[in-house]
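Below: a set of structures, written as structure tokens.
Across the two complexes that follow, subunit A remains constant while its partner is subunit B and subsequently subunit C.
Take a look at the complex of A and B:
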């Protein structure tokens, strides 16, 4: 584990506010256990819990908070300069941070999704959701790490994507789902474990290709932006 | 030892002898500044991007609804339904505005400067809250006014205009309910952290994670749980109060079934009042603690 990754992980876990991330996954498991325990049919509680809460809220919001936290927080308080002045190539700064962000997000989201999928249908669905969510975590993290280098307000930009693009437009315009990470994850999970619980209009090969493209493309963009990074004081 | 030769020169410092404005003026200034901050007025172009993006989208929807109504004659949504349809944008707007109002002051540690004025502890958060409520109400109310103008100019005679106005007023009241509940919850969360980024994330997380709880509660095999499900999430809570108070304005579709409240309509109203009261109380408690530092 490189030093940058170590520092980043400590920066994430060393703060009390990391605990704020826990209620979301816990809520996911609690709702799944509650529904299962009270004997509601999985076809009724599966879509709102697995997709409505798990893939549409927990995954993007955790990825947003962690993804903008690994680099955006350092840029915000100016300590990124200490890392930038070391003789490290910029990709050795971006990639470990991205790996930590994706790893933390995947661990936080995949475990409760596995439990919820297991309760809803089978071990296979649980594993499929966990794998798909991990792939999604990588794509989301790349997107949000790049966003924190493109703008000074990365969280708001990320929220525009999560709320307005994925939340509003994907429901109204089915065509915009082709550019929605949430639907790639659903397509991936549905392919790995075909059930009646997950529905999307995006095809599986397209989803796999787009997840890879988004992850690699935004990582390269982040590295490129960090090469031309200009240190400036806080504006407005 | 020589005698001291120093002289004190009068360089013209004067005491302020003019009128000193009191608490009300401080409150008013804070409120006005808050409303301007919500929309990024008086700040750089960067601070205006996100608030005006939301205002632009909401305005576009209102314009489209108005155009469809005047051209085709089909009422896409009533004034009251407009607020419901915009709920995600309202959440985003709160996530943009609330951290701007309170988190920046916490971060830069200027609160002691505010409280060195004739300003009671409670006035600062209340002025900010009032500013956010006003901002949200304007966000939801102004497009309804656009829709009203479109409807009024196509209505036949004064009678039609009067009917439109009677539809608009409950819509504006309903928008006010949205504004009060979302502003009090959002401002409370934002006041917990000095980092705008975390405040925005926290607000969105709280609002979004409560929605699926409603989804699960409403399919549990217990009718009471189903009918009380809406209480668990701010948007459905507001909707429940609206359905209880003015059902015919929210559900216009004849065979459209809204959420079934059963006999619990007044419970929704009580919970809404209790939620706002609790949020304001916690906000005041929070500022008693912060101001003491």
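Take a look at the complex of A and C:
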């Protein structure tokens, strides 16, 4: 494990905000278990729980907390300078951090989604949701790590994207779904396990290409921005 | 009095940090204005009041800020967008941010690994020993005092044995013993041929540590050179004193006869005396007062703030 990844992981799990990750996945599993236990038809509880909560809230919010935590938090408190005053090429800083963010997000989200998918339909749907969410975790993480370098308020920017763009606009304007990671994940999961529970207008090939483009594009952007990292102008 | 001191540096194993016409502005605010200097081996103090642009200048030197104009180079290579400079450069920034969840040894060792040093454990032990932190090296940094945290950061900045070390206000928050130890450390690093630059807004700190000093005021390099020359300039400048006594008029008449006094103003609240020579005036005042039977009730040097000392230097 690279030293950058080690410090990043220690920093992530050492901060209290890591505990914020737990309630949402637990809520997802509890709702799925309750719905199944109470005998509600999967066609009734599947879409709101799997998509409305799982893919539209749990995945992006966990990715936001983790993605802005791996780099944004270090920029905030200034510790990033210790990593930057080394001759490491900047990609060797961005990529391990991205790997930690995507890995932690995927691990946190994939398990409850698998459980919920299993309860709603089948092992296949559970696996499909877990795999698609992991791919989505990578894309979201790349986006939020890059956001940490583009603005001093990455969490705010991330929330605007998740709530306004994905949550509001892509429900109203079908065209904007082409730029919605949430819809890529739905398209991917629906292709891996076709059911009546998941719907999107985005095609599977487009979703796969876009996930790759978003992940690579924002990683490159983050590396470039880190090369030109400026310490905030405290002129004292 | 802006003579740039470039130490006669032997080219082998020592490094030179050069600033050529460096400016930095934020919108309409000019933080650093056309600064040129060349830093060679030895300890140099960067002195200036708060807000003079010292930190901005240090950040540009350390490659954490792009100059708006001009160039900062380390041995001929730009420091901006060039991580390779950190093989030869160490930085201790003013913000005391540390990974508080690590122990000092873990922190320094991690830094050594990031530098890809051949024997990171040995380098970490050496750096921790250099700042005398061995006794506390296995405690989490979060439990440290401010001075200890500072030393942990210095150890991390020294772990790769850099030729150039930049420190922003390194003595802030240190107790006298830690301060003394840090001063000795900087001295020994400078004597070993390293280029050390530290910033400070406290005259005495710079006086005790460095022979060479760069003085910054309001973004400009106000003076640079040997500390004693600058100190003499500072003490020989005209001083203004406010005096209250039992007989202001008699004292004014007597003081005007003194060669060290260049002007006296008699006001309702006492005397305002301009003295050309600080030492001579303060020695002569009691004698004059005693001879005239005048009791001095109050003697206040009016412009002893560092800012006024510095602005005098700018005018000089």
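Operating definition for what follows: the second predicted complex is superposed on the first by the 232 of 236 C-alpha atoms of A that agree within 3 Å, B and C clash if a C-alpha of one lies under 4 Å from a C-alpha of the other, contacts with A are read in each partner's own complex, and residues count from 1 in each chain.
The rule is short, and it goes like this: a residue touches a chain if its C-beta (ideal position, glycine included) is under 8 Å from a C-beta of that chain, and two chains touch if they have at least 3 such contacts.
All of these numbers come straight from a predicted model, not from anything done at the bench.
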item	value
Touched partner set for A:68, first subunit B, second subunit C, both or neither	first
Which of subunit B and subunit C A:37 touches, first, second, both or neither	neither
First, second, both or neither for A:159, with subunit B first and subunit C second	first
In the superposition, subunit B vs subunit C on subunit A residues touched	B
Touching partner for A:6 - first (subunit B), second (subunit C), both, neither	second
On subunit A, positions contacted by subunit B and by subunit C	235-236
Sites on subunit C touched by subunit A in the complex	26, 29, 31, 50-51, 53, 55-56, 59, 62, 64-66, 81, 83-87, 89-91, 93, 95, 97-99, 101-102, 107, 110-111, 113-116, 153, 156-157, 160
Residues of subunit B defined as touching subunit A within the complex	43-44, 46-47, 50, 53, 57, 88-89, 91-92, 95-96, 193, 195-198, 200-202, 204-205, 208-209, 211-213, 215-216, 219-222
Subunit B-facing residues of subunit A, complex	17, 20, 23-24, 27, 31, 34-35, 38-40, 44-45, 48-49, 52-53, 57-58, 61, 64-65, 68-69, 72-73, 76, 152-156, 159-160, 162-164, 167-168, 235-236
Subunit C partner contacts - residues on subunit A that touch it in the complex	3-4, 6-7, 10-11, 14, 77-79, 81-90, 227-231, 233-236
